[in-house]
Amino acid sequence: MTSERFSERMHGDPLPYPLLHVPISDFRDGQSVSQCFLVKHKTQRSTRTGDPYLEITLADRTGAVAARAWAEATHRFASEFSEGEFVFVHGRVETYRARLQVIVDSIRRLSAHEKESGQVTGFDPSLLVPTSERDPEEMWTEFLSLAATVEPAELRELVISLSNANKEQIIEYPAAVSKHHAYLGGLLEHSLEVAQGISGFARQNPALGLHHGLATAGALLHDIGKVRELENPVAATYGFEGQLIGHLLLGRDMIRDAARDITWPDERVPKLLEHILISHHGELEYAAAMVPKTAEAIAVYHFDNLSAKLNMVRTHIESDVEDGDFTDWERTLERRFFRGL
Amino acid sequence: MTSERFSERMHGDPLPYPLLHVPISDFRDGQSVSQCFLVKHKTQRSTRTGDPYLEITLADRTGAVAARAWAEATHRFASEFSEGEFVFVHGRVETYRARLQVIVDSIRRLSAHEKESGQVTGFDPSLLVPTSERDPEEMWTEFLSLAATVEPAELRELVISLSNANKEQIIEYPAAVSKHHAYLGGLLEHSLEVAQGISGFARQNPALGLHHGLATAGALLHDIGKVRELENPVAATYGFEGQLIGHLLLGRDMIRDAARDITWPDERVPKLLEHILISHHGELEYAAAMVPKTAEAIAVYHFDNLSAKLNMVRTHIESDVEDGDFTDWERTLERRFFRGL
Amino acid sequence: MTSERFSERMHGDPLPYPLLHVPISDFRDGQSVSQCFLVKHKTQRSTRTGDPYLEITLADRTGAVAARAWAEATHRFASEFSEGEFVFVHGRVETYRARLQVIVDSIRRLSAHEKESGQVTGFDPSLLVPTSERDPEEMWTEFLSLAATVEPAELRELVISLSNANKEQIIEYPAAVSKHHAYLGGLLEHSLEVAQGISGFARQNPALGLHHGLATAGALLHDIGKVRELENPVAATYGFEGQLIGHLLLGRDMIRDAARDITWPDERVPKLLEHILISHHGELEYAAAMVPKTAEAIAVYHFDNLSAKLNMVRTHIESDVEDGDFTDWERTLERRFFRGL
Amino acid sequence: MTSERFSERMHGDPLPYPLLHVPISDFRDGQSVSQCFLVKHKTQRSTRTGDPYLEITLADRTGAVAARAWAEATHRFASEFSEGEFVFVHGRVETYRARLQVIVDSIRRLSAHEKESGQVTGFDPSLLVPTSERDPEEMWTEFLSLAATVEPAELRELVISLSNANKEQIIEYPAAVSKHHAYLGGLLEHSLEVAQGISGFARQNPALGLHHGLATAGALLHDIGKVRELENPVAATYGFEGQLIGHLLLGRDMIRDAARDITWPDERVPKLLEHILISHHGELEYAAAMVPKTAEAIAVYHFDNLSAKLNMVRTHIESDVEDGDFTDWERTLERRFFRGL
Amino acid sequence: MTSERFSERMHGDPLPYPLLHVPISDFRDGQSVSQCFLVKHKTQRSTRTGDPYLEITLADRTGAVAARAWAEATHRFASEFSEGEFVFVHGRVETYRARLQVIVDSIRRLSAHEKESGQVTGFDPSLLVPTSERDPEEMWTEFLSLAATVEPAELRELVISLSNANKEQIIEYPAAVSKHHAYLGGLLEHSLEVAQGISGFARQNPALGLHHGLATAGALLHDIGKVRELENPVAATYGFEGQLIGHLLLGRDMIRDAARDITWPDERVPKLLEHILISHHGELEYAAAMVPKTAEAIAVYHFDNLSAKLNMVRTHIESDVEDGDFTDWERTLERRFFRGL
Amino acid sequence: MTSERFSERMHGDPLPYPLLHVPISDFRDGQSVSQCFLVKHKTQRSTRTGDPYLEITLADRTGAVAARAWAEATHRFASEFSEGEFVFVHGRVETYRARLQVIVDSIRRLSAHEKESGQVTGFDPSLLVPTSERDPEEMWTEFLSLAATVEPAELRELVISLSNANKEQIIEYPAAVSKHHAYLGGLLEHSLEVAQGISGFARQNPALGLHHGLATAGALLHDIGKVRELENPVAATYGFEGQLIGHLLLGRDMIRDAARDITWPDERVPKLLEHILISHHGELEYAAAMVPKTAEAIAVYHFDNLSAKLNMVRTHIESDVEDGDFTDWERTLERRFFRGL
């Protein structure tokens, strides 16, 4: 989809029809279902008697639920939709082995027409997929504005051309499968936080010896490899190269390939940019391919880390249901957080 | 000394007399010495025959050199000066066990009068003690300006009154005995880098949920305990409480004591500030007394760390004499650094 | 409650009425309930149709069970009791989502009168809350006897006055929320194990250079901060300062405040005691604010650690139901234990 | 130089003239010098009086010695030779600050003619540069023979063409600057140890599921990036890209570039080879860019590690001068080694 | 049982009667059961009303299932079988607390006669216990062949006599309770992988300085202590000495005891073999009693580790049911694996 | 030597002749030497001209100094003494490469007669070898008294017979080559500190569940393997088995061998004692062969560790020459120590 449509999809006007989507977190036994979902997984299996059935995971913004389509429907439905697509489901909620599941009467993908025109009652992608709260077009504009400040000109050209060549993914992708900024638009939101932070800090402290252009370029592009590492942004998973190579190196490949088309007065400049990408995890044990050896690489590491952690804190606070001043235990950072004044 | 005089001392006009200070790094065997030094260490010892002598370490901005005052002079000289004072020395350079040392003919502390009036030829504290390159008054003004933006008012009052009560030390102290910002004025320079960085970042990214006032107050004061941890800023060492308690807790004490005089609408505010101080090393193994559990504490940790590391990079690059694009090995961060474009 | 009553509560005579308390670990589906519990958690929620209900966790010495009070009873019951209180419950056990829960017909707190006089059939706090097996008064006497041996006199005065000022909490508090000595009276039992151990060891080995008074004082008070870190000893949780500051520093605050009222011939003595408190976890990664730098601090660390581990071993052996020479896996120390000869 | 000449240089017939090279390890004060060396470092400096001089490090197989060329000779000599070249030196050995150094009377590079024809008495590269004890042509033949067993054909083609394109460096380079196989021919010797080991192991144990072709190709090429990481094999140092990018990624670049020219029936094959290169350090903290996720990558990691460690053991035993069954302390593996039966 | 019978049991001809064993992984609610199992655990318990019952875990190659024998049958059945025995069970499958369990109508051990003669329909040990896919006699022959190549003769004698003395266990035991080669015959299969690998590698690379005989002997025997560490190979658990002493030391005991009967020309040889056993985990934190200090011990460590890891990879791939190129998460090595070309 | 004589040697009456031993720490250039030393190392070497010479390290309690015996004297002297012996030396002190060394005119071992009768002026072993400050006989008596309290009788028998069989070494050996209690008598002093500490602690705290006899036996014998690990107590080094097997396992061997001669009512008792020995380093990374799994093993680990650390603290404080409240940096524990009140 184009970024324009994506933008509308995530931040369009209020829907002109009544919302009828029941959040998955509110499902209960016996209820009937007639609404849209995102398909997270789809597997075709067989019972012991040889009858085929479909195991599906349906998701919306509030969670996920197992679903099954039995016997006669399997063949028909199996070709009707794929993982990562929006579907319309008729069915009912049952309890199986102490968990809820949806027994599917019918399931089909939404057509492009339906997704765009509001014809399907209750369809709203932002109810089905977590998305950034910031406006994507506004973020993209800020991204390009910051790129325009990069010096020297060759580096600026690289940033702008590479960004434009991957514009749609940069706007749409999450910054991670889970952990932080794990929602549509998260990659752009996160890259901006890092790049604006570092740009401001470099200008504020000229004595620190940060090269503004290099640091800003590195910050804007530090996670660009995510668009090759991950597949299917609405239900992100690691692709083949994502598993074997990883976004640090895939991002460096993109820079290396783009740098070939540019004439560099100083050949070291694109290498220094490559270095920022492969070292931005900061320490070897955090999967940096190299420890950062330049002031700019050290700075990108810190701003990246800070942006990620603050996002984790905010996300955890929002999703937590405990009473009191502190959240429950957060497993990645292994602590409780103060909820804020 | 007052900060006004300190300011002049470090950033005064060019001296009206010819500079005659020979840097220690340029000393060589046989040369005679008639100039000022900083005394780093002083120990009284005896030879096997029972004759007393003084072992002294003299320093200037370029390094340190061993010195000895023999027999008859010992008693007379020993009471003439102390560690951490500026002295005037007559003597000569000799080689002993393959190292240079100064044989002292006479040594005495500079009087307050001499230090101030330029009467001693070649006396310039900035030649003897490493100092920040930034103007202390300008830094102090920026410090107070930033403090003035802190909300709520009670927190602002605490920051300003505590800072004013320790104004001279904040302006004069180094940020550490070694490692980073280890020069006069380093504490103020470092605190500003952290606080301006975090203030700008918090305003730039309102969605991150950083409380601007709390984060800025924490940043300005995060190392305030250094003024109790360290003794004698011109030749800083750890004092008794510095060794046993440490600047994180000593700084928290200062806040805790100051907070008692203020009426807090929300009693949690000063506790949250205390938390920033005791957790600003970020991880337990880096000597944080507690892991940071608030967004503001996490942010102070990252900006503190970034300011320190970039200062280490800059300092190492400046002191390194290797040729080529990369410095020699830096032992704290365990890597070589790129020297810069 | 006073320590006298607490002592009786935990170690009173055998109850004069038949015990009717059914341990939670013996509950099963369909059984009716009419007995006392400790309330661990209480939350008010609403069903999808807007009807309020109470989610409660009831506990006794053998475990915990979920409970629900429905619709009409919610408003009435909600104000009848709080977390950490003893309550009397009528209800029945049901199976919900493959787990047992109690459907509450009525619930109310026990009055002070009921708790003391044995009027409520089957009420015995020691059945509801894990408590130390040692007599609290006897432990308190041993605690004060040991404190009386501390030299110099000023240090002894500090230990005794601070202990008396916190007598009730020292007697009642657990030593931790979980992990070790996590039962009423555990703080006192643990402090005694550490202090008696170190006192005996110091006297036995004069050549080791342990200062008996300092080591004993440090051992007696090393966990004193727990009484500020934790709230509600019968269902202990971390309070606001417990979360943000921690018991090492809170305990040091208590010493620092108490030390102000005493005239110290040697000002270093109270600082050395503070150092023991903030360093008694022994290593930075175990949350010591400083590594121990005195012989006494090193010794307190080792006896504290040993007392805690042996308590964990004993507790795990007692709670384990495996056959054979070895227990099942213990998760904190990550091993199985030999059950003993 | 071509590999043929390199082969001769390292393994030629016994020299037809008397060897007059005095090993640096046998130098002593006062001795005169007229022989060949390898230049490790060369720096031009000035005395305090402004006179220029050259600081040089001369090396042979037994060690290194500082050398100085004074005043009038500096300008003339400075352009006569470069780092990493063989030179002929006239001079004398002196003691300076308790260390030996060579005072240079004349210094000049050996001409190609001299190096080849044996005209310079005492010139033998194998005396000046540590080299593999194995014959390079024999190793190269084994390397190609093993490459010829790789299946599928496209993978074999990649290995052979990439190896041939870098034949001279593969034959000449050391496997590392220090640590293991740090001598001329070491890269080839090490790559063979790893590849022959893994090939034999894979064929011996078909049940282990190792893909012979992929594992062998990965083993042969696992360190190919060394030829881009390092500069000047006779006195190896890290180059610009070596410092910033590292041999794991530079080797993967070589494979990625070579793979573009080949039509792959299964596109995953070259990616799996890339994965072996970037993961062959085995663990993130050992600077692997990714943990090995294939059986072949795991196997290459283990054989690489084993070959390196056994080489370190052998090298340490050979260089050690202790008596008895055990060597002195080895600092990388942090132990003593048994010298062997 | 003798190894001959074990061999037949695991690798006999196809059974002459129809297989009626329903794999546990295919069980479902309501089905009746009349077949053989392995007993993993057996515990006798009582209901609250005092009625005894048996809690049993039944296993076959595909998994395990809980079983209960009620009231009247308990006493009778309890003495009919033990943990680790093969039993014949009549009963039915029920659902209890959302899990399947078998209600036992009758249970009895298989007699030796039944196990050998095929009289019990559907009895096939290889269906009940995971076993190596390799033929045990063939492996044993290879083991002895390799032992026969060991030099010097005294070392060969030790290997052969110790192996023959433990022949049945070596052939039958698994290499571990879980983790790797955790099936009957696994110890022999694993020891062969390590020993053949190291023998081939040592012969292939004479320059590496590996002593072939010592390395091969160490590899063949490195896990010999498992036969004392573990009890009951078909349902392996750690015995008393296994828990307290461990297989590294128990294996060394076996060598130490066997070495006493041999006259050693060089007394160091058996000590070097002992060293291989106690150091073969390679690093202290992996439970090596000593780091490997000989080339042979280093090599055994690496081949042991490689054999174990490749077995884990293969086992995980085989048991994994995910689609796509990569398996699901493997918890010991903490990664996903590529499934293979 | 017998322990009686050793006792006298270390703690005899004041010498009846004037002490003429000049401590090595007081040596200076040009002084003549005629006194006794301990020989730490002896190596025979050759000059470039083929002349043999002896490199010797002479030691006394205050340090060590290099010594050389030249040309003609070499052959004669080389057979006159061995490492670890006391010698009488005539010679003179010279400076060589900025370090002092002794040029030996004559060197010969002291005869047994000389060592005992005080005929050699200035000979006093306690000046040459660091020794415990405690009386060895008194310590041995305490050791046996504690052993006599061990229950059950079989365990007591094992402790007493094994101790008596190794009496002389237990009395004479140091507890380590360096680190802690590294002086003659250190093993006994350390074992007593651990055993008395644990015995008292176990009796003081019956509720902790420590088996007094097992814990005391384990403590008394925990380092017994040192007498096999180390060679030559006056200049201790690791022997062949010390290097390859280590004192934990060698000590367990001694127990295992001794336990064979005893009839054990409970066979687990000697195994539990073995477990204490092999686990007393507490954590795998500290070279424990197994983590402690019994209360007694955990206790021995803590008292061992505490005794060692306090000894390191005391030793460092005594050897340190800094002024002020704190010592200089201690490298094993990586901190400064407070010197004590």
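A few points about this structure:
In this document, chain identifiers A, B, C, D, E and F correspond to the written order of the chains, with residue numbering beginning at 1 in each.
Here, a residue touches a chain if its C-beta (ideal position, glycine included) is under 8 Å from a C-beta of that chain, and two chains touch if they have at least 3 such contacts.
What you see is a predicted model, and the numbers here were worked out from it, not measured in a lab.
In terms of the stated touch criterion, the partners common to subunit B and subunit E are A, C, D, F, listed by label.
When each chain is reduced to the average of its Cα atoms, F sits farthest from subunit A.
Rounded to a whole number, the gap between the C-alpha centres of subunit D and subunit E is 45 angstrom.
In whole angstrom, the spacing between the mean C-alpha positions of subunit C and subunit D is 63.
Counting only residues that touch two or more partner chains, subunit F has 98, 240, 243-244, 268, 272, 275, 293-294, 325-326, 336, 338. The complete set of chain-chain contacts reads A-B, A-C, A-D, A-E, B-C, B-D, B-F, C-E, C-F, D-E, D-F, E-F. Put simply, subunit F touches subunit E in their complex at residues 240-241, 243-246, 248-249, 252-253, 256, 268, 271-272, 274-275, 278, 284-287, 289-290, 293-294. Across the complex, subunit A is touched by residues 26, 28, 98, 323, 325-326, 336, 338 of subunit E. Across the complex, subunit E meets subunit D through its residues 133-134, 193, 196-197, 200-201, 204-205, 207-211, 214, 266, 268-269, 272, 275, 291, 293-295, 298-299, 302-303, 305-307, 309-311, 313-314, 317, 325-326, 333-338, 340-341. Across the complex, subunit F meets subunit D through its residues 43, 48, 97-98, 238, 240, 243-244.
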